[in-house]
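Note that the chains take the letters A, B, C and D in the order they are written out, and that residue 1 is the start of every chain.
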Amino acid sequence: MPRTSGNALSADVISDGETREMFYAEALGDALRMEMQRDPRVIVLGEDIAEHGGAFQVTAGLLAEFGPSRIRQTPISEIGLVGTAVGAALTGLRPVAELMYIDFSGLAMDQIVNQAAQNRFMFGGQARVPLVVRTQGGSGRGNAAQHSKSLEAWFTHVAGLKVVMPSTPADAKGLLAAAIRDDDTVMFIEHKLLYRTKGQVPTGEHLVPLGMADIKRSGDDLTIVTWSREVLFALEAAQTLAEDGIAAEVVDLRSLVPLDKDTILASVRRTRHCLVVHEAIKRGGYGGEIAALVAEEAFDDLDAPPRRLAGLETPIPYAQPLELGVVPQVADIVKAARELLGG
Amino acid sequence: MDTSTAMELYRVMRTIRRFEHRSTTLFGENKIWGTIHSYAGEEAIAAGVCEHLRDDDWITSTHRGHGHCIAKRADLGKMFAELLGRETGYCRGRGGSMHIADTSKGNLGANGIVGGGIPIATGAALTAKHLGTDQVAVSFFGDGAANQGTFHESLNIAAIWKLPVVYVCENNQYAESFPAKKAFAIDDISQRAAGYGMPGVRVDGRDVAAVHAAAGEAIGRARRGDGPTFLVCESYRHEGHYYGDPRKYQTKEEIEGWKTTFDPLLEARAWIVRDGLGTAAQLDAVDREIDDEMERAVAWAEAGPPASALRIPEDIYASY
Amino acid sequence: MDTSTAMELYRVMRTIRRFEHRSTTLFGENKIWGTIHSYAGEEAIAAGVCEHLRDDDWITSTHRGHGHCIAKRADLGKMFAELLGRETGYCRGRGGSMHIADTSKGNLGANGIVGGGIPIATGAALTAKHLGTDQVAVSFFGDGAANQGTFHESLNIAAIWKLPVVYVCENNQYAESFPAKKAFAIDDISQRAAGYGMPGVRVDGRDVAAVHAAAGEAIGRARRGDGPTFLVCESYRHEGHYYGDPRKYQTKEEIEGWKTTFDPLLEARAWIVRDGLGTAAQLDAVDREIDDEMERAVAWAEAGPPASALRIPEDIYASY
Amino acid sequence: MPRTSGNALSADVISDGETREMFYAEALGDALRMEMQRDPRVIVLGEDIAEHGGAFQVTAGLLAEFGPSRIRQTPISEIGLVGTAVGAALTGLRPVAELMYIDFSGLAMDQIVNQAAQNRFMFGGQARVPLVVRTQGGSGRGNAAQHSKSLEAWFTHVAGLKVVMPSTPADAKGLLAAAIRDDDTVMFIEHKLLYRTKGQVPTGEHLVPLGMADIKRSGDDLTIVTWSREVLFALEAAQTLAEDGIAAEVVDLRSLVPLDKDTILASVRRTRHCLVVHEAIKRGGYGGEIAALVAEEAFDDLDAPPRRLAGLETPIPYAQPLELGVVPQVADIVKAARELLGG
């Protein structure tokens, strides 16, 4: 079980001891299966989620176990399927809607933002929208500009949404289960290159409360605040840095909204150096929020300006060498960390 | 049709007409903030359709939502209170005219996004189907909304899943300033139903008995589990698109013509008397009751406390 | 049909088939990054439609776009070079298989967004109408795309504005794993045309002569200024949705059945010989020419330099 | 003519001397009319833009002058109308597409982001998309949660878009003319409460290059970086601050992308204090980008942490007193400025 910041924001991780190694995709499927077994109101809607088992095999096997009335394969109608899920959530079900690629969210944005996210507020608290929109983003598979974006920043800027981005199989299971039980609309954003990563995952009930960052590695020289796939890169970078005596702390946000400010600020105040790393393009990215927050609230505790390392301001190119060059790689993090420490 | 149903239909229509009249005067007195869209002239649609609905059936409404709300048996005081931005309003003053919901009566809410409620009603119908109840969902929307992608995607989904939903298109001939005859290359919008494999029905939306009959069939079909229907009700809005609309896109003759040749409310009155379902005296009595009720509702609403200060994040998230 | 047209249709179809075969082997050799979607089995559609188009007519294509690109007279070498991520590729290695455009021939581009090209073709048709030219736009898309909101909104806009555009729906019976018979509650997708007030035509998309005839009428109508047409071509994709698709959603029998009962290419061959439009020997010669041309194109592409380093913002903005 | 930063990023403002007082809406209409007269390829597409003259009367009179073939009133089909404009732009026209409220952009996002913005890059520079998407945002009219949002941050996070937000009638005319002549896709974001504001506007050709901030008021004690309607509030606040001897410099970004970093940084380095003000909700807002930029690049020149003052994290409420309370007002800016200066 991952170490957790156990901060005030939320209850601690709930999980029994038993674990086994699972792929990230498998862990997500495990969460879906357990929540569907637990609560008959949980249904899944999406494209190619039935016989095909989902574009990334997350729903593989669920059709056989739960049948077509709970594994609702939809036509290619993003706003229709998300809006249908919003209506189902408003009237008593707990739908999990899958948007195959986050790049397609531009088609469903209205139902997510104007309908799901704002419903509770607009109607004076009469209703709830317990909806999870599962989607995935990120580059690295040669899918080019319309299938590789990282768009979490859009959703963090919407009042009424929660935004979750797990980096490990265990967090994927625990956060998805928690998101499904959550009474608000949660954007659950996976990463296409994490599906085949492995890790120990609790086999029983496992809940990771939303709003709780996780210190994936501790250190006293600098804080690397990051999320999703870049957490893995940051951990590799920290390993390299350790070899020349630099102790990097890696804070995995896991949940962008609610944001675990306490864990970020406590870490930064201790290490006095903050590097924010994300795959999304830098301009207008959520890294700006984090760096601004750190500058605003920990200014006097910093020995150097907060620094952002993020994707270049370009659509994702197709050719592999180009694709690798536009988002932060391990070596880039190592370099940025050294520079931050004046090395 | 029996007397009580006919009188009830009249009561609902007359209540809507009066509500729109009152909210318009309140708006004129600068007591209402934002915009309001009058349903005057279209009362027969909401009344005729909702007469068949139970409190546990759902509707999704539009920016022109007062009529749907009233026909779904909303509390007039709470409606006025919402328009006046009071804490006692349906949405505690957070929503206003374009965002009134009454979930206790299955009204999932008005919507400021044209076409925004169509998939939501579809989802409500999915809930009914999934839980195996005989509940029905009705989505009200305008002619303009029928050209939104949400209309297309939703009707197809409802058709392939045979969902218990009725799509009610209120063709009042205009989408703001855009006439339906220019926005469509077809005369009869209900023709689109065939492209989804569901029944399409067109009715005179000013004739409450006709709407009532057509809606009864469609809602019965949905309740029996025989799938969705697309019901187009031809109508006309008596007022501008919004309070203060200069209506440059319409002629006085056109407007007066529609109002005088077939005013849904006057025709309902005439029909009731003609068919001996009620007397003029009885109808007058209903009018008086409604007018009194309306004034009581306005007074109650005006006496209510202003919207309370926002609580963030509590007003926005169920848990945070 | 005259000999040269028939032989040209065969040449295009055969070129597409061969291109898909070659790109599949290159993919198998790990020389292609990302994904490719084979058009094998649907060649008659692109060939039959584009035969009527000029270089200054426009098309919008899809994720399964190689066939449209070739039918619109693209350079094979530049296409392979793009798949191989070379600077000499159509998009300088920035786009890949799902994003090949050839604006010099009016191909506005493949599209990774299902239904994304439909409004774009509509806009190209608006340009033709606005400039008063007789250019035509054709939008290719699949059965799955016909359930997207963009389909609905675009067809309505084209109908009310009488735009010179032809919407070609390639119904290959599946949207990834979702069979059209489940995604629609109607058998004949072309029925939807009536809901927009435009002609709807359904044709056997495996029969190139039939596609050619139907497309000729539709494109002629558009060129004459008589407005849009919705043309549905029934077909089947011989390969999986993408390279490596396990095809759990199809049976071997179904796949083989479609391939053997009516392979568009073999049927075109048979038809040409039967009608004396060409001899087997001539067709064999065409096959050999195409195979040689293909190998030359692959060799040229493989010899090309890798995609040059990105220039930011120059690669993204025309001016910044 | 407004004073300009005349920075390196772009050519200076082009304009002849003649001016007259115009409303912001009128100035926009003037730019549309002049560009349509100048270039027959310019057309306008949108809802209610014909007889009605647009929801805010910006296109009033254009139908009479240019006819229905150039003032193309569309059905309520946001993605259809924007996508049609994208196709027209790709094939030789220079369309101006109007999205009546920025809140509706969630319906058209795919065509703006995946199609218009990425086209040039994806296709290796074969094409251009000279498209202007005119829209308006902001609260203050009691239009509630679905007609009052400020969503510029979404668009700044998209590689391939330019984002412009004029605060004065003169800038509105000059920036719109420049946007129409620009060969890239420009999100041109107006504010519903600026349409009836007045100012002197050049009557002849007037071009304000994109990417050029404007110092609307100069001062040495602190820099207020802001845009759109908040510029007017900031100027009022600066007036109040001046009365107690605080000289605030008001930097109006005008164009969020391209961003005029030079002007921001030069000002902040001089005043050593930076307050970023915007109406959009703070979380994930563009203010984070600005504050992070300032912290990263001017850390040692700052006497206090950069500070953001922005909208509260809530959908916009209907009731007027509540609505006024959720976005920065003049008094809030004055207070924040004083706090920033340790007063």
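A few remarks follow.
Basically, a contact is a pair of C-beta atoms (placed from the backbone, for glycine too) under 8 Å apart; a residue touches a chain by one contact, two chains touch by 3 or more.
Keep in mind that what you see is a predicted model, and the values were worked out from it rather than measured.
For the pairs A-B and B-D, the larger set of C-beta contacts lies at A-B.
Measuring from the averaged C-alpha position of subunit C to that of subunit D gives a distance of 40 Å. Centroids of subunit B and subunit D (each the mean of its C-alpha atoms) stand 37 Å apart. As a whole-number value, the distance joining the C-alpha centres of subunit B and subunit C reads 45 Å.
Among all residues of subunit A, those that touch two or more other chains are 75, 77, 79-80, 103-104, 107, 110-111, 114, 121-122, 144-146, 159-160, 313-315, 317. The set of subunit C residues touching two or more other chains comprises 91, 93-95, 99, 111-113, 116, 147-150, 152-153, 156, 160, 182-184, 315-316.
Chain contact topology: the protein chains form a complete graph, every chain touching every other one. Interface of subunit D with subunit C (complex): residues 43, 69-70, 72, 74-75, 77, 79-93, 95, 110-111, 114-115, 119-128, 130, 159-160, 162, 182-184, 211, 258. Subunit D meets subunit A in the complex at residues 79, 103-107, 109-114, 117-118, 121-122, 144-146, 151, 153-154, 156-160, 257, 259, 280-281, 283-297, 299-300, 302, 304-308, 313-315, 317.
Residues 47-48, 50-53, 73, 75-80, 103-104, 107, 141-147, 312-315, 317-323, 325-326 of subunit A touch subunit C in their complex. Residue ranges of subunit C in contact with subunit A, taken from their complex: 33-35, 85, 91, 93-96, 98-99, 111-116, 144-145, 147-149, 175-178, 182-184, 248-249, 306-307, 309-310, 312-313, 315-316. Against subunit B, the residues of subunit C that register as touching in their complex are 147-153, 156, 159-160, 182-186, 191-192, 194-198.
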